[in-house]
Structures are given as C-alpha cells and as structure tokens.
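Next up: the structures, one after another.
In what follows, chain A forms one complex with chain B and a second complex with chain C.
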Partner chain A sequence: MYRPQFAYPLSPEPCEDQRCTYSFDSTNTPGLSGTLAAAAQTGRIPLSLDLDADFYLRGISTQGPVSFRLTDPETNPLSDGENAAQSTNFELPTEYSNTNGAGIVALESGAGGVFAHGSANFLLYLYNPTASGIDLTTCVVNLHGIKVYRQRCE
Partner chain B sequence: MKLEYLKQADAILTKCGRPILPGGVTAVPIYKGFLMPMVLAAGGGTAGQRAVMLSKIIQGDTPWVLRAISSDVGSNSLIGVRIQIQFPNGRYLFGGNGIDLGQFCWVGSSRWLQDPELRIEPGGRINVTLVGNATTNQLDRPVNLLFEGAYLYFMKGGQLLPATGDLKNLVSQWPRYQGTPNQNILAPCWRSNEGIRTPPGFSDEYWIYSSPDPQDAGAQATWTISGAVIQSPYPQTIEIPIEPGSDFFVRRMLFDVSGTSLSVGATVYGRIRTGAGYALDQSYIELAGTLSGVEFAAHWKVHGGDSIYIDVFPQNYAGTGTVSIQVHAEGFRRYQVKG
Partner chain C sequence: MPALIQRMTDYVLGPNQDARLASVAAGATITGIVLSIDNDAPFVVTGRALRCSFLNSGTLNQNPLVGLKTRWTDAARNYRQTGGLGPRGSYVLESLQSAYYGQFGNPKPIVPAVIYPPGSVIELDLKHTGSTTIPNLTFYFRGYELYPEGSMPTPPYPKRMASLTFAYPIFVKALGVSELRQNNIFTVKQDADFVIRGGQSFVPFTTAGRTLAEVAVMWKDANKRPYSNDFIPLDVFFGYQSGTLATMPVSTATLIPPWGTGPGLPGLFYPEIYVPANQQFLFDLYRTDGSGGSNQSEDFTFNLIGGKVFSR
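And now, the complex of A and B:
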C-alpha cells in the first residue's frame, strides 16, 4: 500500500489536502482494451484527472505484466531512462510497481509530489516485453496522491 | 469517556512532546473504528450493472478523524466490483469513477492510509457506492470495510474544552436556520425586505407589466393549430414596452398558455431579451414549465423606454384550435424623486 516515505508538508491554510487515488483500467480508459502483441508498443494513452482540484502524484502502483512509461501533464518523463533503445525505457512493473511484486513506486519529486492541474492528463505508454500477446483488460495503473482544494484560497 | 483517563492521557502525551495548538489547546486521540458490513446482492443480469449505495453515520460526542481504511476484499487482481467513497464534506476518495475493490486495500500493513487525516464531526455520513459488472452480477458479493481513526478530545489546562462533550460548539450541531428574519435560506433576500436598499433619491413602486391580452391582440400571441400543423403565425415576437421615466426591475415572470378547447395544446418555447440587445436566456427554453413564477436570484433591470421582447414558438402541439400566450413581468418601477 501507499505510504509516504517522509512527511509531506500540509498546504498552507485555508487550502485543504485530501487523499485521492486515480485508478485507470479497462472500465474507464479506452486505451486499456484489446491485446498488445509481443514486443509491441501503444501510442500515448491519456489518463484524465478530475476538474475539481489540482492533484499531486506521490506514488504509482500497477497490475499486469505490461511495461509502462508515464509522463506528467507537462510531458516530463517520470520513468524513462532516455536510452537509445526505446524498449529499455519502459518500467518492468513486476519488479517495481506491480501489486504482485514490491508494491508501489514512491515518488520523491518536489515538496508535495508531481503537480498536475485539475482536468490535466497524465500520458501512459505501454510496451509488451514478453514473447506473447497481453490482454490489456487485465492491466491497471493507480496514481496515488492528494487533491488540493483551493476554493477558499482565492 | 472518563475525564480522569483523558487527563492522564493528556499529561503523558504532552510530556512526549506532541504538537500543541495555539492557545495551549491539546487533543487526546482515543482509537475508534467504524465497521461497515455490506452486501452487493446478485442481480442485474448478464448484460447490465448493479449498484448499491450504503451509508455509515459517524457517531460520538466529539470530532473523529479518519486515518485508515481496511477491507476484507484483499486481492491483486480485478474482481469486477468498483467502489467509490464519499465523505461528509461532499468530496470523493477516488478520482474518476472509483477503483476496483481488488486494487483498493486489505488489512494490516496493506490498509489504506488516509494522509492527511480527515476530520468528521458527529452525525457526518460516509457514503459507499458499490457497482458490479456483468460477470460479478451472478453472485452476492459481501464487502466489509473498517474505517479506523480516533476521537479527538480537546483539552486545555487539564480540562475538557466546552467544544467537547456537549457538542454545542460544533458547526455540525448548529441549527440549520440561524434565527435570521429570513428563515428560508433559499428565498431571495427581498422576500424579507433584506438586502440592497432603494438608493437615496429614488422611490420604488410595485408593478406588473403584461403583454397584450390575446383576446384583444390575437395576432401577436396566438397560433392556430390543426391536425398537428401550425397554420399561423410562426415564430412570433411579443413586446412589452417599458414606459420612459422609470426603470423596471423584474422579480419574476408568468407565462399564461391557454387553448381554446381541451383538445388542443402546445408547449411554448421562448427567448427573452431587451431591445438594447441583452438576452436573459441565450437558447430557447420551455417558458411555462421552467421559468413561470420562478423568483430571480437578482433583479433584472430593464431601462425605461426599452422593451422586453419574448421570441416564442410552440412545440409538441396537438389537436385542433388555437393556442395563445400572455406574459406578465412582476417587479417594481424605480422613480427618481423630484426635489
């Protein structure tokens, strides 16, 4: 489960932080459907956030054997080794973020996490590192973090 | 809760160096969990979905903070039951459309951590929505959640604060209506003579402007309907002139739609505007059903010498005969006092 590795500062009053997780799977993400062929990659899959508040991403957990690469709404890569071979830039979830494995990737970037405006899109790219097709309807990406409600700050 | 125990806990925690709120106020947290057993009953068929929403009321004599959630549906796979949790502040725990139960949480170290913790006052309600899909519809699905946290007993100088124990200082225990002259919080302020006053040098007078009576000016606001076909005229513009010398402030409008017989009828759609170009509504709306008699939240000011125009046309017409409309605008005229 998600555990912050160190204490994050609370937003200054009267802003309010509230715990939130975005969960993307085949029921709410059209890109997570069908079969991804062996050694194939998908195009970018937008992961849309809610309108009501900004979001700070603090951790990622996944399910499924497919490797993934994630960029924040500013298109900064969150898991990209920037190697020449594209396929080596994808994270192997069974070793890092898969809930069958170590569990969760805790992010330590910035004071509050990786910032995303309300209604922004994280961008997901998938890669099949195996020798057979992967059913994408079994794949899940969970974005753990907080929403910052700012109505009373303005 | 026995006061002596709280005092002892307060003293011990203070010696442990915990944070102290401004004014020397401290809080003694006493563990409390709320169990929420639920069953998503089978049903909905193989093609549809089934859903259930259940509530847990947070009870107690002092605020309670949510710190963790445990679930007995621990899994590492998608199980086809989606969950969404709504807190008393109206906000949701999950973004988008919730999370699959198999991805949510389990017990012990796999509990959901609520960080930062969420304070809930007594009487607050946690709503849980479970949605099953076509596959999981075939069986009953029991789901048990344990909301874990602590009561917060606020103390100062070794004594309970008045906010704790008798509830009278908690916002959640305040009366819904605050004893103001306006007891209906949804009523416009002018109903109880509150709000913006008539500015100095002006005088207000209750007034109703009406469009011409269809009996006298049938060509302006009457449609002849025969066999579900409108014969004349279509569409039509009704004008209500506002006399020069005083501005008119509209509080509400009445749309009187009538037919010549019981067998003829229509719903009238319209757009309301002034001659100066201001449109009260941009698109055509069903006037009698949506706007008739509705009190405006703020007065609609129409300048003297201008006119209210209502572009109208009938829809859903049937029968044979004529349908007519008369429009009344209720409010007040504002005169400048001569002096």
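And now, the complex of A and C:
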C-alpha cells in the first residue's frame, strides 16, 4: 500500500506556500449545471483560478459519474488516449479521480506540480459515458495544490 | 558490483503451473507445489497476492479463499513464515496476511525482499480449512528480475527534461466472453516519452446474468518479451474506485469500501516502465467469463497512469 510520492521542495523563506483546494461545482462554474445527455460531450469549461497567487496542481478528486479530460492553462492535456473515437479519450472517474473521500489522487509532475499562473484557467471537457442523462449539479471537481506568494520573496 | 537492470516481473503459480490448483476441495492439503524461476535472471520477490475465480452468487465474491492456509519457501527450501507459536514452516491463514488477499494493486509487501537465483524454485504447500471448494486458485509472486546492464534496451531519462503528469485511458472494444486478444499495441504519442507508474481498471460486475469479471492481462515490451510467466487478472494488478466491499469475503457493511485501494492508491508498476515517444508497449488480454448466463462481448477501459517526459 505504501506509495512514495515525488518530494517537492519547500520554498525558501520568506516565500510562502499555502495549501489550496480549488473546488468547482454548479455554484461557481456555470458549465457544471443542467443535464448532460447520454453519450454527449461538452465544449471546454474554464476552471478559473484566483488572481492573488500562482498555483501548482498536485492532486485531484472528483464526485459524480461524468467522464472528463483536464488540460493545464497551457492547454497541455493531463490525460488523453488520442483515439479517433473522441468518446474513448475521457477519463472514467472510477479509474482516475473518484476516491469517495478516501484521500486524493496524486498528479505527479516535476518542478513542484502542474504550474498555473494566477488568474489562469484549467480547462475541463466532459463526456457522459452512461446510457442516461447526468445531472451536472451533482458533479464536483477539486484541484489540490499550493498557492505560491512570490511577492513575499522580494 | 556491476550495475543491474531491474525489470518488473510477476510469477504466476496457478492451474497452468500445477493442475492440482484448478480445484482445491474443502479440507484438502496439497504439498510440493513448485514454481520454477526462469534460467535467464535472478528474481526478487517484493510482494504477493492470491486469487480464485469469482463465485457468482448474485454478487461477485472471493469467499472460497476463507480458511486457506499456506507456507512457502525461499530458494534454499527454507520456509519463510511461522504460524503463531508453532515451528518454522507452520501454515498461516492467508486472510490474516494481507488486505484483499493482495488484490486490487495492493500486494502484500515482502520486506526484506527474497532473492531467487536463476533456475531455482519457490515451493508452496497449502491447507484448505474452509468449507467451499476453491476454483482456479492462483498465487502471484510480484517483484523484479535482475539483468546485466546492456543486455536489453533501457532508455534513460534525458539529462535535461521536464515532466508532466499524464494518463492514457486504454479503451478495449467488444472483448468476447472467452477471447484471447494478443499483441494489442499501445503507442506512446510523439510529443514526449511516457513513464508508466501505475494504473486503474474497470469495476467487475454481474448484472442479470451478464458478467464481466475474469479479464487477465500479460504486459510485453516492444520486443514482445513478457513481464510475467502467465496472465494476471486486471483486478489483481489494478484497483478501482468501488466494488471492493461486494467482492470481499466479509460482505457486511463494516468496511470502508475504498480503503487501501482505488484511484488514490493505484496499482503500481514497479520498477516503472519507460517507453520512449513513438515506441510501443504491448499487452495480451484474455477473458474467461465464458458463455454462461447472458454473457456477451463487452467494452471496457483501463488506465495507464504516469508522466510525460519532455527533453529540453
């Protein structure tokens, strides 16, 4: 069960890293509302980050049965089969991100995590792999990581 | 000591290796079950698991493993466990040795590791004190083999590199009820190398007589050299988010379903497998659900998780 993770260095003092969870759901993300029909896809849904600090993404957890693909603010996808059939290129949450609250899923990257400037947008694409509509108001995407307040280093 | 390559290897000891394991009756004692290590490299055991065919009684379960006791040896034929206050070589209940019998990408760690020289054997004895016949009892000895440096391709990390978390969902279309589908090709995309560190798989199910549960895999490198001596069920290699409660022997609601497995703790490839851009990683799939009930060809997905590696 032991699973070593990448060790990320702490920022040198007086820089400050703050643990941060960005939680996106129907209350703050218009794209996560309504019903997604069976076998339907969405366009890109921006997940907007705060303006006050850069963010390093280090983990994810989600709720709900909808499949998805996430890209970083540079539009690098964080998963993709790149198959001809688009519907096969999304991650099933049961195999990728849904832990039922038992921890979070580490997204291991070099250089401290997946970098995003303050105010940048991760992009979310949804796909309904089931045979019935999915109420997107039940879906939640949590991005776990740290905010880096660089101005305190200056 | 010369540098050695560690290559992920799993040794399977099941009915294909010893026919007596195809059906282990309640009360049976079987001794002298032998697993031979290949002659080309020493094998280092770092983990262990066991499994039987799913029993389908409305829900999939591993109930027949209850009451199974085992003992096994190192290369010098010394037993590696003691049962309670008993002598070395006592039989030990498997249910007390590991969570989920080491399944769901969650093998029982063996620390310190046990080294088997080339051509040596693992000898295993068992006593089944349970009340149900065990169908297709199979043991999995997980670890790595050691090879001299230069004996096989081992692409290194670039001296200057960047990495990005990445996962490839692998879609499998219409795998037949008893189909052996060989040499499926996974090609790493051209933009970056990919290092495979873990994976997750589908949730086995049985619904109205339609079952998708017995799907096994054999990984191979680009030279078609396998990483195991036999097929390994996906649910031994990988975990999944839900369903563990129903498939475990104690099917009361006293366990937290995703404990110790699931996407937060994916099944690991150890040592990791580095596949350069545009190169291939192969796998064979073998489904043995059979044609009973309403079984049919099924689509499913499993997930290879790791990181992209970019040269800079």
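Heads up, the rule we're going with is that the second predicted complex is superposed on the first by the 144 of 154 C-alpha atoms of A that agree within 3 Å, B and C clash if a C-alpha of one lies under 4 Å from a C-alpha of the other, contacts with A are read in each partner's own complex, and residues count from 1 in each chain.
Here, a residue touches a chain if its C-beta (ideal position, glycine included) is under 8 Å from a C-beta of that chain, and two chains touch if they have at least 3 such contacts.
Note that this is a predicted model, so its numbers are computed, not measured.
Visitor: Please determine, from the superposition on chain A, whether chain B and chain C clash or fit.
Guide: Result for chain B and chain C: fit.
Visitor: On the A-aligned overlay, A:C15 touches which partner chain: chain B = first, chain C = second, or both, or neither?
Guide: Once the two structures are laid over each other on A, A:C15 reaches no partner at all.
Visitor: Now for A:F90: first (chain B), second (chain C), both, or neither, which partner does it touch?
Guide: second
Visitor: Quick check on the superposed pair: does A:Q63 touch chain B, chain C, both, or neither? Answer first, second, both or neither.
Guide: first
Visitor: Contacts for A:V140 in the overlay, against chain B (first) and chain C (second): which applies, first, second, both or neither?
Guide: first
Visitor: Once the shared chain is lined up, is A:L123 touching chain B (first), chain C (second), both, or neither of them?
Guide: Neither partner.
Visitor: Once both structures are overlaid, what angle do chain B and chain C make about chain A, taking C-alpha centres and a multiple of 10 degrees?
Guide: It works out to roughly 140 degrees.
Visitor: Kindly classify A:T99 by the partners it touches after superposition: chain B alone (first), chain C alone (second), both, or neither?
Guide: In the superposition, A:T99 contacts both chain B and chain C.
Visitor: Between chain B (first) and chain C (second), which, if any, makes contact with A:G81: first, second, both or neither?
Guide: A:G81 sits against chain C, while chain B stays out of touch.
Visitor: Taking the superposed arrangement, what is the smallest distance in Å from a C-alpha atom of chain B to one of chain C?
Guide: So the smallest C-alpha gap separating chain B from chain C comes to 9 Å.
Visitor: Show which residues of chain A both chain B and chain C reach, each in its own complex.
Guide: The answer is residues 1-3, 61, 99-100 of chain A.
Visitor: Within the complex, which stretch of chain A touches chain B?
Guide: 1-4, 8, 10, 17-25, 27-28, 48-50, 52, 55, 61, 63, 99-100, 138, 140, 142-143, 146-147, 149
Visitor: Note which residues of chain C are touching chain A in the complex, please.
Guide: 99, 106, 109, 161-171, 189, 197, 200-203, 240-242, 256-260, 262-265, 268, 301-303, 305, 307
Visitor: For chain B, which residues count as touching chain A in their complex?
Guide: 76-78, 82, 91-100, 103, 105-106, 109-116, 118, 133
Visitor: Sort out for me which residues of chain A touch chain C in the complex.
Guide: Residues 1-3, 61, 72, 76-83, 85, 88-111, 114 of chain A touch chain C in their complex.
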